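Next come two complexes built around subunit A: one with subunit B, the other with subunit C.
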Partner chain A sequence: MTPLLLSEEKRDALRELVNIGMGTAAAALAAALGTFVELTSPGLEVTDRGSVAKQLDTGAWRNSEIEAVRQPFFGAFTGESVMLFDRPAHAELAGMVGYGPESAVVEQQEVLLDVANVVIGACVNGIAESLAELVSFAPPTRLGTRADVRAFLSREAVAWQQGLIVNVDFKLEARSFLSRVLVFLPEPSMLRIDQALSRLLDGLAAG
Partner chain B sequence: MRVLIVDDSRLARMALRKALPPALSREVTEAASGSEALRCIEGSRFDLMFLDLTMPDVNGYELLKTLQDTGRMLPTIVVSADVQTLAVERVIKLGAIALVKKSFRSSELDQVLVRAGLL
Partner chain C sequence: MASPQADATAALGPAGLAVDFLARLIDRINVGIVTVDADGTVMQWNRFLHAHTCLSPEQVIGQNLYDRFPELPRAWLERKLRSVFLLKNFAFTSWRQRPYLFRFDNHRPLTGGAEPMRQDCTFIPLEQDGEVKAVSIVITDATDTYESQTRLDEAVAALAAQSERDALTGVYNRRKLEQVLDAEMKRARRYNQSLSAVMFDIDHFKRVNDTHGHLVGDEAIKHVASRAVAILRVTDFVARYGGEEFVALLPGEQIAGAAKAAERLREAAAKPFTALSEVPLSVTISAGVSALRPDTADGKALLAEADKALYASKAAGRNRVTIFTP
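After this line comes the complex of A and B, so read on.
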């Protein structure tokens, strides 16, 4: 199948919609964690399934222990989202919501589920709401570690060939950790987003 | 009135340009980055700047700080998706007039401009 490649103009528009969603996520996280959240411009790329797995072996993620949360979404467009955290994120985030350094793994994972729920929701809703579309979410669940992410990415049951990869760097003041949001969209969803972006851009150009 | 719009997103620049009241939309210059904005400001005089915060090279905070430190601050309205309370406080401290949340309506922008005495 020929991959659907968004034009540069549409990628710019999609990046901006994600950016708007991430602003909402930052405000929610800042309120919950009691700190200022520094945002960087989200990186966005459309790629195939195999390339996503390879990216986990490069850069800062290469030697990181990974904890991943998964959250599917449904509605106007359907897809899978995964949020990855590196090891320092567990204790850092748990500490910020009041768990002590001795907090149980299950408590730390619960915090990651909450954070992923906010960030993934804002990211996907940022796209959907701006395109006047509606999506709903399954509850976030723990996907597991690096090996589990690999297994997930290689499963044929994941109905997508292309992935919209959104790289979001969160920096909490005086603390930092790696986190990354992956949004996977099957071909029909990509097509629907492409069409909605056309309407959005045409509307602006007509004004 | 000469207006400078600074945002790395073409969509955001288009949306803002479309939302501007007629009085502000006659002489509009666009910059796609903080560093491009600095070059524009060095080369021309502007009466008002609309500034995004989240940009890949020189971000909005850094641009405001540079303008403040070098005495080149101009009336600035920050237009950002980042609406953390601390973000608002920081941009005001750095000399901005106001922060408008992205995806605003034209009427909201008009209200901010009227309050700032720019309309």
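After this line comes the complex of A and C, so read on.
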């Protein structure tokens, strides 16, 4: 395993940036959907590819049915983000935006695409904007279920070796779901984030 | 002397020209662009949309989008737009979830059939002084992607269907049987329902092959398979287990009912059939029947019991049905 990029101090800083982004996203989602939404990110890890796959087979995710959405981004940082939802999230989220509990599968997928677009946007933009960098997004698409995620993670010719795992606690009114945002960056982008974080932290220290 | 028009263009200067070109580009680009303000009033309507709706910018701009196009999915679109105004974030829709926003004919009137154009949409927030003042909806034609995806899906479905069928008889193959057997066992146990299995094979099959040749042997196998499909219910499951041996799973059927079905099958299989335009030929089958009990270990055990009963039918002189007794 290559040594992890980003020092502990920088990871802390990144965690803060993501949380600020999540706060903005939650407020905006709540306003857009007319319901109480809380998004918090209790954890952010920098890890390599193999560990991501392993994590999906442990803990609360081990037995849950996964539905995943992917969204590429490009610009100052290039990468792909994957948002994972556990099973109860589908129906609940669909219900939340006004589709009935019996809503069609495609409608439920559409809701997940919308929510992932907002949360991934908040997460990646939260980082990019704080670092005064510009990032654009391609449309989100459905990645699929657990098997598809596994295939995605094990693909041989992928550029990224290290990624960010952002755990997101998703609370809607009294209910909460498991969801997780994975941000995968190829090494040059990771280095760019590292440099931008250096500038940010130096600026803070100087100021 | 320059014409008044050239004077006007020259008067724009390089920056003005760039704005002018940009406006033309937006108008003529081969995607649909419609811009609305927070109240849903149309501010921009480009040529692509003009061409597909036969409604000019003059007929649409300044009007409320939903009044002008009552067929739009209003509640959904309003929610989508509202989120872009609030979140200042791009939003997207795909033909995979929502085939189209505006119903347009596809762009190939001669080869495209009657399918409406599939559309991907991007919602772009247009900010001024930190506030989203309008949202542009960019509509791209995704019909080509849709069509190749549809062909791919059909090919995959056909391959999947083939991979679970026996090529000679068209009934399910052994691999599929093993999958279904597990699922049926679980289902029967969960809902406390009956499940029976019938294992049957053609008597003296080697003799049929030796006497009439393998092609006629194949016909005999097809004959028995087609009798089984005809006699059993649609909810029953028939698979070729190997060679001249078959398995039928009868969900919801107790052992006595399964034995009756096996007996009907035995009678039907014994009727003469015509193989390869030769004289009519007949074969007989032997069958063994088993049923799920609380102490049945698994699907394999269920089949093993049917197999034992089948063996008993053979030992007792063939052309008969035997019920497994523990």
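FYI, the second predicted complex is superposed on the first by the 198 of 207 C-alpha atoms of A that agree within 3 Å, B and C clash if a C-alpha of one lies under 4 Å from a C-alpha of the other, contacts with A are read in each partner's own complex, and residues count from 1 in each chain.
The definition used in the following text is that a contact is a pair of C-beta atoms (placed from the backbone, for glycine too) under 8 Å apart; a residue touches a chain by one contact, two chains touch by 3 or more.
Everything numeric here is computed off the predicted structure, so don't read it as measured data.
Participant: Would you sort A:130 into first (subunit B), second (subunit C), both or neither based on which partner it touches?
Facilitator: So A:130 only meets subunit B here.
Participant: Looking at the overlay, does A:169 come into contact with subunit B only (first), subunit C only (second), both, or neither?
Facilitator: So A:169 meets neither subunit B nor subunit C here.
Participant: Does subunit B (first) or subunit C (second) touch A:13, or do both, or does neither?
Facilitator: Touch partner of A:13: subunit B, not subunit C.
Participant: Output check: A:107 vs subunit B and subunit C. Expected answer is one of first, second, both, neither. What do you get?
Facilitator: Second partner only.
Participant: Between subunit B (first) and subunit C (second), which, if any, makes contact with A:41: first, second, both or neither?
Facilitator: A:41 sits against subunit B, while subunit C stays out of touch.
Participant: Check the residue A:140 against both partner chains and state whether it touches subunit B (first), subunit C (second), both, or neither.
Facilitator: It touches subunit C, and subunit B stays clear.
Participant: Tell me the contact category for A:117 with respect to subunit B and subunit C: first, second, both or neither.
Facilitator: second
Participant: Mind working out whether A:148 is in touch with subunit B, subunit C, both or neither, as first, second, both or neither?
Facilitator: neither
Participant: Which residues of subunit A are in contact with subunit B in one complex and with subunit C in the other?
Facilitator: Touching subunit B in the first complex and subunit C in the second, residues 31 of subunit A appear in both lists.
Participant: Flag every residue of subunit A that touches subunit B in the complex, lowest number first.
Facilitator: 9, 12-13, 15-17, 19-24, 26-27, 30-31, 36-37, 39-41, 130, 200-201, 204-205, 207
Participant: How about subunit A: which of its residues touch subunit C in the complex?
Facilitator: By the definition above, subunit A touches subunit C via 25, 28-29, 31-33, 97-98, 106-107, 109-110, 113-114, 117-118, 121, 125, 137, 139-142.
Participant: Touching subunit A in the complex: which residues of subunit B?
Facilitator: Residue list for subunit B touching subunit A: 8-12, 14-15, 18, 53-56, 80-87, 101-103.
Participant: Which part of subunit C faces subunit A closely enough to touch in the complex?
Facilitator: Contacts found on subunit C: 75, 79-80, 82-83, 86-87, 89-94, 96-98, 120, 122.
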